[in-house]
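Sharing a structure with you now.
Chain IDs A, B, C, D, E, F and G follow the sequence of writing; residue 1 opens each chain.
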Amino acid sequence: MGTASGIIKALNSGIKHIAIKRFTLRYPEEKLKFVGDGYQFDPVSGVGVAGLKGRHILFHDKCTGCQLCSIACEGIAEAISMVKVNEKWKQNKKSIMPQIDYGKCVFCGLCVDACPFYALYMTNDYELSSFSKEGLIYTPAQLQVKPNIEQDAEIKIDDRGATHG
Amino acid sequence: MNNTLIDFVIVSITLLSIGIYGLAVKRNAIRMLFAIEIIINAANLNLISFARFLPHSSGQTLTLFSIAIAAAEVAVGLALIIVAYRMYKNIDIAEFRSLKG
Amino acid sequence: MVDISFLVISVLTVVCAIASLELRSLIYGSIALMGSLLGIAFFFLLLDAPFVAMFQVAVYVGSIAVLILFTVMLVKRELIFTKIEDPKRKYIGVGLMLILIVGLGSVIMDSGLKSISTHSAPIDFNEIGEDFLTYYWPALVIMALILSSSITGALVLARRENIENEQHTN
Amino acid sequence: MSIIAPRFRLGYFIKSLLDNVFWIIILLTLIGIPAIQVVLFFIDLPVIEGELLTPFLALTWLADPSRTLPIIKALMQTDFFKIAVFPGFGFAALLAAGTIFIERKLLAKLQLRVGPFYCGKLEGILQLMGDGLKLISKEIIIPAKADKPIFWAAPLLFVGAAAAFISLIPVSPGWVIADLDVGLLAFFAIIGFFPIITVLASWSANSKFPFIGGIRALHQMVSFEIPLILSLLGIVILTGTLNLSEIVESQSNFPWIIFMPIGAIVFFIAMLAELERIPFDLPEAESEIVAGWLTEFSGMMYGLVQLGSYLKLYAFAAIFVVLFLGGWNGPMIMPQFPQEIITEGIELGPISVTIPGLPLFTPEMINGTFWFTIKTIGVIFFILIPRGVFPRIRIDLLLHIGWYKLIGLAFVNIFISLSLLYSGVLGPGGMM
Amino acid sequence: MSELPPGIKLEKEDDKIMTLNVGPQHPGSGHMRIIVKIDGDYIVSCDPDPGYVHRGEEKMAEYRNYITNIPHLERPVIHDSCNILYPYCLGVEEILGLEVPERAKYIRVIASELNRCVYTLYWLAIYGIFLGHSTMFMWPTGDRELLIDLLEKLSGARVTHAYFIPGGVRNDMPANFEDVCIRQINYFEKRIKQYDSIFYSNPILKSRTIKTGVLAQQDAISLGATGSVLRASGVDFDVRKKEPYDVYDNLDFQSNTLKSGDSYARSKIPWLDMLESCRIIRNALEKIPKSGSVRVKLKPNPKAGNVETYKRVESGRGSLGMYIISNGKPEPYRVKISVGSFRNLICLPYLLKGEKLGNMPAVYWSLNYWPVEADR
Amino acid sequence: MLATLVGEIINGYDNILMMFGFAIIATAPALLLSKMISPKRRNNPIKFLPMECGQVPKGEGRTHFMMQYYSYVLMFVVFDVMAIFLYSWGSTILNLERTSTLPIIVFLGIMFAAMAYALYQSKRRNIW
Amino acid sequence: MIEITSMPIILIIILGTAGVFLPIISIIQKKTISSTLYWIISLTALLFSIFYVVYRLISSDTLSTFSEDVLTIDLLGNLFAISMLLVAILTTVGSLDFIRKKSHSSIYFSLILLSTIGMVLVAYSTDLIMLFVAWELMSIPTYVLAGFLKKNPSSNESALKYFLFGALSSAIIIYGISITYGLTGSTNITEVIRIFSTIDAEMLPLSLLAISMFIAGFGFKMGLVPFHMWLPDTYEGAPPTITALLAAGTKKAGFAAAIRIIIIGTIALNFDWMVALGIIAIMTMTIGNIAAILQKNLTRMLAYSSIGHAGYILIGLSTYPLSNIGLQGSLFHIFNHAIMKCTAFIAITGVLIAIKTTYIEKIKGLGIKMPITALGFTISLLALAGVPPLNGFWSKLMLFGAALDAGSTYSWMYWLAIAGVLNSALSLAYYGWIIRKMYFEGEKITTIKEPRSIIAVMIFSILFIVGIGVYPEPIIQFTDKIIFQLTMFLS
């Protein structure tokens, strides 16, 4: 009898779920909304600001070419290398700026922690796929671009279950 | 469809001969079992054809019995063959040499 | 005269029967045996005995052939494919078979069977059941005893005997 | 460049296409046309309105669209139509394809997923076709030491056996391919072939996992055949016939499931095991033995085995409907075909046309098919649901269930029906 | 430890024994190989062969400084990355003499409990599919999204968080996080309670897993099992209770134990732990200081003296310890990771001997084993 | 032509065979087509090894024998016969007197006893 | 339809219930239940049934023969039933010490009981289907029993050979039945007799084919000479108690079936089979006895002697319609031979239990080691040889007398008598050799404890053999009545 009631209970539970809302994010059409604009770091207080650790953004006007980010990455992924840029900035005498190879980056964000000049942050952009390995290497010019992304889906919970919407 | 009795009996006789040939020649226990099955089937064919041409129902009844008995025999026979295989690692009864006189 | 379906079925049956004995691989031999048994079932259909035909297929092909196939698969691969036999014995066997076919065939051809044909209605399969339960009922009971003795015997034979005197151990 | 993906060359592609076309044409002329001629020589051409159908006649009737209906109607009465299209292969394959789609969507709903979605715009309705195309275009890999003849034949035999099974099913009055006196026994005879095919397929692959899977399949199918057979004995006792159509007719008042719920449950469970559906999908238990007896099948061979198993699923569901749920019996919901169309013709604007050959189907047939299909889909739903609810069972527990519980219940069912018969509730002189 | 049935001998009759390689390319093994010898349906011996995903994390840790070790050390169990970093951070804090702020301690507890649930759900999903229960694969993977979403809000990454750092956590909780967390945890708790009827009370599952692979209490202790395997055998050993770290002694929770020690109990303990985790998270969110620092500022290349330390935490797979030796350089001299997975895997040959082949995945995965973590 | 020639009855049964043949003829082109259009790269002998989880196969793939459950196959052979025997009774029970149920009860009784013994033996896995 | 209260049915019920429930008892057994319980149950059932047969035999004198039913209750059947039940009882009693240390003793006794039912029903059945089914019930348990010692390779080999030839024999029998059925359109022997007496000339070859099939099929079980090749191997390899059952039980059931079908069923064709049976008889006894001399193993020697005795019995069958005393002698010899062979093989069982071997060289001094067993063995051997005061003498006398009697009609029948006498003399030689080995060779050795069950069998058989030898009148009277009944029926 216990067996029969267990089977009926399981069947009942299964059939009930047919009516529950799907919990599936239809990814290309809808995208999850994240906290803030991405992971940032405040070197003064030594505490980060919560946000997605996506693709970096590099503020050319603040970068001094100090290589701290590259040094921080050395033991981790060796994804950041300093390259020469054509632009001239007064705080950046050597005109070197980080270039990030996203084929190697692990998105730990320790380079952001290492940057004392508020020059390197992370953004909510995570769609980085490319057809070639070369396409994954982002030059300082590419890193400078602010990503334009629309993210609106959030987890909503109501009586008929949770959905992305 | 105008087959006569003799056609079926000829097929049955042929199967009987094949079965006896198999028993005479083969020394593999499973093949000998095949031969016996063929003989039983020849007999069944005979029975059914006689039962159709008489016509009479006992032939079909006996055939059912015979099929069932063949099943029982095969169960016992294959069990024996398995025991033999475990013991000799072979199913060739020419290789079984524990008894000789 | 015979018709074409009869010819096809008889060729199937006889060829499969020979193949089941002569094919090198025992597995193919079992398949050929199945073919032969199926051919017999078709004969039963030709002879208007559908109940027996289906019984034949269900029991012979459905269970006996399965058991045979299963047991063949137990045997080592080399043994499945080897065929030990004496050529001399084989020729004697073939001769015996031919003598039997010719002799028995001539006996039958000479007998009065060749003139028999029928126009009466076939047997209804319900009569078989009636036979079982009225006239032949002791045979039915004996049949049950046969089946029960064969299953108990086969189980006793097929089980492993690694435990000495196991009746007292459990 | 990697070796794995050689470069695509258009020239080679076109050459291979042309090769194939060439061979197809050659083969068709050499084999196809003689085969058609032989077939035409042997089959009986239909007689339509008193005239034998000759190609000339057929063409003239084709020219007049209103007169094609008699040809279609005559064709529908042939065995070939029955086998190929309606109660036979086409209908079953359609229902099987529908089953696959329903299964995927239903399972996805149960598991809070979406399921096939993008293929075919409308909830992924063309997913199956896409899968088929993918399977066809995949390479068939056969293990080196496999027993090639058996290995090639096994999927085909599987489909063939499943199709032979379908031929027994009465879909609506008169619409059955093989109306046998001993239809129920033929059913048992046909399901006896599946273990053999399975175990041969697994043996031929010469690999360990398929062999274990095949042996498991053999044990499973073989063990559940007996409760399957015994659970139907009650119906035979009460109806006194083995003909499936007559069994359906005997249920015009009550389906047998009312009197034999135990038998129906036993049959259902045994059916799940025979079909190797979850929770009894041990032969394909992917976590222990990679994919069971299907491990070495690749490409379209795998596809054919799947087709066969879904045809089998349809056939079992239909047998359940026929035996326990009353088959085509159901309230008449089809309106009678308007007689004036037959007698007076249809008003098409200014002219009125009489169309000979109407109605194509009798309302009884359509009604019966409708109810049969509805019930079959219902049973298929219940076959599919456990896949989302139950885990896989173990082989010894499975055999334990089959031999200890189901056989006992089947005998209980037999004794219930015997007592119903002898107490006069059912049977001759009883309620029916 | 179930005895071999008396009829079956060990590897004497060769033709009866078949050797099955379960893995590495097998849907039921993970990234490892189990060499199983079977006689018919019974396993006569079983030889787990891990090492297919060995990465040398311990050696790599000797060439990186204390901070840059963090993204590497979480690689073995990315599903449980907070927990595997936890003992490292505790150890480094001890050898560097850092005092972690109170708020950071609570955030750490919340993150590690969330991460434990994430891991457990992943494990449970695979357990479900190992038993042929496809719904039990889909539901936990779906419900895992809820927690991953929370963790992503907290740390900015979905799986490889790299969130803990010596001296606290990388960043503070985002605004409104408490409310979202409470809401989703409540819903999550409701969801996982529904696993009971379809999975844990399912008679077929019970018949498959109860009394299979029974690990007796004494055997569990002597074989050195930890975590859920140990607690399923009736030994009440939970590092969070026995050696409380951070703020676990302030929180109100209990450690779950079951007596039977079979696969069923081993699979149920993590589920009970998940319910307990929900309680802990709620409790922590109540007690967390509303504001304050979450991170101690570190020097760029911290060095420690000639010290060594051993810290352990309760991870999803049992006690997870890190033994850190420093020789005064910025890099640690040695980081030895002692993981629960490997210790539980040791039980496998003992449990599988004499079991049926069908029980193999049930017993194997109930050991709460993560191949990558065991290989390190 | 008389209505009751030998072999009349086969007419219902050849349809089963035709259905079987039709299914094979209808699905075999799928295999042929697949054979024709699928890529053929036979340069890799490892591809044609049997599945052994990525290892090189060792030993014979076909020798395994599930002896523990062999008893069930043996039992099937006998009890399948019994089950179908019952159909010859079931299909005619309406034509028979009530007393003729007695032999079948005896039949079943004997088979039950045999089945009890057989099931008891099969359940003890350690002897198989 | 046969009544449920008729005697064979009651026998089925008694023996079948015991046989079917013995395995069930073994399921619910506790440790205290040993094989003795099964022994007691099966012995009780057998004793009960033999008393029942004797009671029915005494109480009702007006028994019909060859009814229209599947089973008949006549004196012929009763004789065979009594002798087979007796054999089964002796075997069962003798098995106690043999089976005590083996496993599955419940199955062992159960299969003996089931096989006994088969043997008894073969004797009673008057329908070909019934006969075939009973024949199989007799055979299938003995296939298992012959291979019962699973660790003994020779037991298994013997069982396999026995199975293959037994299955062949039943296949041939069913072929013969099919031809008979085709010729007569019925399966009842009464009908068969009636139709064979009016058979067309052109069907005659077919009926001869059927008869030869029956001779071959039953001949396999009876051990007639072209079909005897399995017999020595099987008798040697099988457990000796089972050999007793085979030699004394199933073999005699073969004769019962042969008498029912060949001798009586096709009485109309007797001139055709008479010659064939005569030739087979001479061949059988000569080859059996000559081969027996060459043997070194007691079991094998007795197996060949068993073949020889089949030849003696066949003398009576081949002379039947010419001389009534022939069939009478055959029946008497069947009865005697059953007891004698059973005794001999059970004595060998005792020897096997005690000294673990059955080679003739090893049984020196058995007369001192195991006096009672040796005495029983000696008596049975002397009776087999046909030494005057014992029962074998009388039956052989009747058989040879019948041959001489029939010789007046067909002169070649004299050769049967001559061959029989010569063979008897020959057989005395090797029987005497065994007796010499037992009593007059060997050193002084102390006695071995003889198994009690064997002693019981020995004492019973010594009394029985000597008793019938001294006072054979009742049995001869009984066989006379059987012949009278058959003659009444046939005329």
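Things to note:
Here is the rule we go by: a residue touches a chain if its C-beta (ideal position, glycine included) is under 8 Å from a C-beta of that chain, and two chains touch if they have at least 3 such contacts.
Just so it is clear, the structure is predicted and the values come from calculations on it, not from any experiment.
The chains touching chain B as well as chain F are C, G. A count of C-beta contacts for the chain pairs B-G and B-C puts B-C on top. Taking the CA centroid of chain G as reference, the farthest chain centroid is that of A. Between the Cα centres of chain A and chain E there is a gap of 26 Å. Taking each chain's centre as the average of its CA atoms, chain A and chain C sit 73 Å apart. We define each chain's centre as the mean of its Cα atoms; on that basis chain D and chain F are separated by 18 Å. With centres set at the average Cα position, the gap from chain A to chain D is 51 Å.
Within chain E, contacts with two or more other chains are made by residues 6-7, 15, 18, 22, 26, 41, 135, 142, 198, 202, 204. Within chain C, residues 3, 5-6, 46-48, 50-51, 55, 58-59, 62-64, 66-67, 70, 73-74, 76, 104, 108, 113, 117-118, 120-122, 125, 127-128, 130, 132, 134, 136-137, 139, 141, 143, 145-158, 160-163, 166 each touch two or more of the remaining chains.
Shared interface positions of chain G, defined as residues touching 2 or more other chains, are 16, 20, 23, 26, 129, 133, 136, 140, 143-144, 147, 150, 182. Considering their complex, residues 102, 110, 113-114, 116-117, 120 of chain F touch chain G. Contact residues on chain B toward chain F in their complex (touch as defined above): 1-3, 52-53, 64, 67-68, 71-72, 74-75, 78-79, 82.
Chain F meets chain E in the complex at residues 52-55, 58-59, 63-69, 125-128. Of all the residues in chain C, the ones that touch chain D in their complex are 27, 31, 34, 50-51, 54-55, 57-58, 61-63, 65-66, 69-70, 73, 125. Every residue of chain B that touches chain C in the complex is listed here, in rising order: 1-11, 13-22, 24-28, 30-31, 33-35, 37-38, 41, 44-45, 48-49, 51-58, 60-61, 63-65, 67-76, 78-83, 85, 89-92, 94-95.
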